[in-house]
Amino acid sequence: MTGWIPRIIAISGSDIGIIISLVVIGGGLAWLLKQSIKAGDVDRRIVFLFIFISVSVPILFPITFSETATPIVKKLYDRIENLPEGSAVLISFDFDPAMAPEVQPMADAFARHCLAKNHKVIFMSLWATGQSLLSTTLQNVVRPEFPEKIEGVDFANLGYKAGNEGVLNVIVTNFRKMFPTDVNSIPLDSIAVFKKIRSCQDLDLIISIGGGKPGAKEWILFVGDPANVPMGCGVAAVTAPQLYPYYPKQLLGILGGIKGAAEYESELVRHYDRFADVKKPGLRMMGPQTLAHVVIMAFIVLGNISYFVTRRRGKKP
Amino acid sequence: MSRTMIILLALVAIVFAVSWAAKSASLDDQYDDYISRGFLITLAAFLTLSILSFLYKDNPFYKFAEHLFVGVSAAYWMSLGFWSTIVGNLIPRLSVTLSAFFKVPHIEDEYALYILPDKVSYFIPVVLGILLLMRLSKKAGWISSWPLAFIVGTTAGLNLVRYLRSDFIEQVSSTFVPLLVDWQGTGRFFSDFNLYAYGQFVTMLGNWVIFIGVLCGLVYFFFSKEHKGIFGGASRVGIWVLMITFGASFGYTVMGRISLLVGRLTFLFHDWLELIG
Amino acid sequence: MRRQVPLIITFFIGALLVISVFIPPMVSLKETFTLYFDIIAVFAFFLGGGNLLRVHLGKLYGKKQDWGFSLVTVAGFAMMLIVGLFKIGNPGGIAASITAEGSLFQKLFEYIMVPLGSTMYALLAFFVASASYRAFRAKNREATILLIGAFIILLGRTPFGMMLTSWIPEQLSILQIPNLAIWIMNGPNLAGQRAIMIGIGLGVVSMSIRILLGIERSYLGEDK
Amino acid sequence: MKFKMLLALILLCFVSAVSGFGQSAEEIMALPDSMAMAPPAPPSNVRGVDTDNDHGHSITLTWETSPDDGAGLNNVIGYKVFRAESPDGPFIERALIPSGGTGHIDVGAKEKDANDYLPDHVGFYYKVRAITADSLIYAESEVFGPVQSYGQWFNTGRVPVLVFVIFFLFVTLFFIQKAKGGANLFVRRLAGIEAVDEAIGRATEMGKPILYVLGLGTAADIATIASYTILGRVAKKVAEYQTGLIVPCYDPIVMTVAQETVKASYMDAGRPDAYYEDMVYFVTQSQFAYVAAVNGTMLRERPATNIYMGKFYAESLILAETGALAGSIQISGTDEIAQIPFFVVACDYTLIGEELYAASAYLGREPLLLGSLKAQDYAKAAAIIIAIIGFITMNFGIEAFKHLFYVSN
């Protein structure tokens, strides 16, 4: 990261970010509060300035807010945490590049968590476009952060198979029918991960990540329910409400949108020191969002204060 | 031109030039065409900042960006329309020679209009298009309403059925919601006030709200009856439901809008200034 | 003749398309006519481009206020049109797609139109804030409901929503703000959207019938 | 649960042994040789009929799954559908359906020279093959046929839509007749429209123009068509008051219509001399370039009133906030549901959805238009009644009513 503008700032980015934003935004809002009570509305350029600061500062100096995991996220986290070491977890990448910014952080977080707990992880995809995103996770997260993990022994990559629900229909009783080999054309029988796994029924947890069809819903209907395998999912924010009815009976937990990802990352960081310094896109993207939301809410409050003050003054001649 | 303006222009020109040079130097080891790339990225950054400057007030930089945008985009859509619609859809059906000229595969023997081969029937839009251009003539301008009638007739016909089906029949029938959802006994009903599958009370409450909300909302849209009495009460509830809808939808979109700004600022800080990794 | 023919065309074409929905052999009419519309629309580009040039050349010629900026528009228009229509700087020549990677047309799009367009779009981030500040005020009952709806949703999308209400037990979790936000989106919000949709559905149907019957003829540019 | 798991496990051992994958040496030894090679039982009861409600060139097939699909030998992984023109073949493969499947719609091309041309009125023969993981082990059903494909002349699946079209047409015609007969039809106040006149007056006082934005709709959008009527009315008032009018357009065809409308209004108001063509001009057919230009116009011309009527997308709030910044009174109306909240929040008056269409009738005050508005209200009443009946029947477990509204493709 050697930019052509020399980097002058050498202090830890996140500290200075928090200081700047607290001082500027907090102080500014306090000053505005005084102004609103005294003189009414503020110029809208000041509103613009606040938004600009609240979005740009966390981009420059990453600020991460510690998210409290909602129960719906926490339950899924706890399940992965409490499974005995060496359990088999399947993570399915059912999304395309358009959805990736929202759900790939979840995939990364799940992969990290499972590997850190020494679970055996099986990666696959029901979407043709999901395979390259799967490789992205393997390349950016699994291989660099877990160099000790060996493909085939600790995790396996089945890649993509065409057939949507048809694939699920088959693997619920037999993986080898649908995936005679993994993505590298190695027969499943020579892969250690699959030594004891014949079908989805032998898995301890299935996680579907996506937001379209086929996705979490199809996994529940074709695999989770009939084979009685615990399931979790991570989906785009717009899809999440459609899955709530399945929680908590058929889904252990749901991560909805970038906020769900941020909550999960937050939980990971809290329990694992090794993840303190890895990239956390979910939390990072929530930084500008949270500050901007707070600023907007603060301005709504300010607006109402100045409105009531002016009205009271108007009434008293 | 005022003096401050001249100084400002000069300043911007200098910054632009410096950025171009520095950016090109920075891209040197990655690309062969680093000089033009450096220029294009600097230009994109300059245009981005010009638009953002509008938030302060209208100014010559914004005016420049705006006028450039209008000219370029108008020509963009025209070129695209020409190549994709005229060359892509019309010419292959009309003429072998022209297809060969534009190097597009000729489509033969199709009958979109049953007995008329496409070779003939595709003159209909051409003729209608030319009739539309007739409005430039003072004498025969009135004939340009024929293609309009064709277009409007097409839409009216299509929309009539489409909206009746998806916005009316389907929406009305999806308000047929069950009052009791997956009943599991009163114990569960009153103990779990949550959103999820166990929280039957909340699900049912949601169904009731949808049902009553839709009815009251519809009452609000009655035009030929005065909103008085029970009718007026229902229409007032209707307005409230609409107001919650508007407030909630507004709040819900904020996140997406902030993401757009994050995207633009990331371009400035990362692709242009290389401040962040 | 001048008044009657367009009305007859509208009625005939419209009725044909309504019927086509129910008659399987006629279903493809829809696509054909839509394609016709696209082709007619390209002819209309001449009218649009001509008008654009007329307005800006007029300003240039008359040296009206801001004529210099009109020059920018005309130059940008001419540049893009020449590059686009003749596929100048397209590595694949005439046979390649106009938006082929590396073509000059695509480059101009990427480095001029994309930054301009997405920055205009990004202005919304500022405007949602200024609009919230200006408009979400508890002036009357309706405005208060609007304000509360927006506020709960906004709060529910930040970590503070959960922080403030995490003490509420799981049994009553509907009252936790993030959950309340979800419920509002799926309950009252859905109801409102649906009521508007049904209304619009009816409005469009009614309007279409008026158009087909020739009662509504504003599209012909005549004032009744 | 445990018992089930055990059962499943035993079953699985069986399956994997049979399908010849991944078994250990002991398992193979333990199983009789014949079973490992045993073909599954064939699917049965293959039936084919012409696909309903279409334009021909399609046959719908159904069959019963092989007893070894999901049970028994449990080695069926899917079905292949074959078609021939005579019972003896040659059969060509048409589709592969995953296990558990019991049907397939064989759709062919309409064009004679296409590869998978499926002619109408020709007898075809079908058979279904249950396949296993081993390509040599399969079982075929008996041949079914002949079955012909043919086009229907009427789509019965869309009857509910037709019923409503006819109902609507009838009600509209009825009220138009009634209105023609001189019946007095009431229309409630539309604040947004009432405000238009007031706003024009204000513009005159201030000596500033009025900005009318028709939105991003094309000439084919109903919202745009509704907007023309309001534009006509505004233009007429503007002509009478001798105020300025600015109409930037997004679509060239919309521009031509808008020019005609404004011209006609000026004629109507008796001021054809005050009309000039550049009042209505084309900007560009690009969403945000158009917004950029309109924004600039707002801040430079400082119109007293901005009117936004028609189809709007993400730009709604950009326009409305810039207008508020310029200090203009703003009146809006759109049928784009996602944008209504932004207009409601940022504008002084907003016509919500259907109100936009009603505005043209409201303004015209013509009996014909009012009649159709009345018809619209009756349809709304019908919607409410249907919703209530549906709600009641649903809660008494009667599904039949809901099925009345089921529209198939």
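Letters are used for the chains, namely A, B, C and D, taken in the order the chains are written, and counting of residues starts over at 1 for each.
Just so we're on the same page, a residue touches a chain if its C-beta (ideal position, glycine included) is under 8 Å from a C-beta of that chain, and two chains touch if they have at least 3 such contacts.
Please read all numbers here as calculations on a predicted model, not as lab measurements.
Minimum number of contact steps separating subunit B from subunit D: 1.
Within the contact network of the assembly, the step distance from subunit A to subunit D comes to 1. Rounded to a whole number, the gap between the C-alpha centres of subunit A and subunit B is 28 angstrom. Centres computed as Cα averages put subunit C at a distance of 16 Å from subunit D. In whole angstrom, the spacing between the mean C-alpha positions of subunit B and subunit C is 4.
Averaged Cα coordinates give subunit A a centre that lies 31 Å from the centre of subunit C. The set of subunit D residues touching two or more other chains comprises 158, 161, 165, 168, 219-220, 222, 225, 253, 256-257, 282-286, 288-289, 292, 340, 342, 344-345, 352-354, 358, 373, 376, 380, 383. Residues of subunit C found to touch two or more other chains are 18, 21, 28, 37, 40-41, 44-49, 52, 113, 116-118, 120-121, 123-126, 128, 130, 132, 134, 136, 146-147, 150-151, 154, 157, 170, 173, 179, 182, 185-186, 193, 196-200, 202, 204-205, 207-209, 211, 219-221.
Of all residues in subunit B, those that touch two or more other chains are 51, 54-55, 63, 65-66, 69-74, 76-77, 132, 135, 148, 151-152, 154-156, 159-161, 164, 168, 172, 175, 195, 211, 214, 218, 221, 242, 245-247, 249-250, 253-255, 258, 261.
Taken as a graph of touching chains, this assembly is complete, with every chain in contact with every other.
Of all the residues in subunit D, the ones that touch subunit A in their complex are 1, 4-5, 8-9, 12, 15-16, 19, 21-22, 70, 74, 77-78, 97-100, 133, 325. Against subunit B, the residues of subunit D that register as touching in their complex are 111, 113, 158, 160-161, 164-165, 168, 185-188, 219-222, 225, 253, 256-257, 282-286, 288-290, 292-293, 295-296, 299-300, 338, 340-342, 344-345, 352-355, 358, 362, 370, 373-374, 376-377, 380, 383-384, 386-388, 390-391, 393-395, 401-402, 405-407. Within the complex formed with subunit D, the subunit B residues making contact are 51, 54, 57-58, 62-63, 65-66, 69-74, 76-77, 109-110, 132, 135, 144, 148, 151-152, 154-156, 159-161, 164-165, 168-170, 172-173, 175-180, 211, 214-215, 218-219, 221-227, 242, 245-247, 249-250, 253. Against subunit A, the residues of subunit B that register as touching in their complex are 22-23, 25-26, 55-56, 195-198, 203, 254-255, 258-259, 261-262, 265-266, 269, 273-277.
For subunit A in complex with subunit B, the touching residues are 1, 3-5, 7, 45, 48, 51, 55-56, 59-60, 72, 237, 244-250, 285, 288-289, 292-293, 296.
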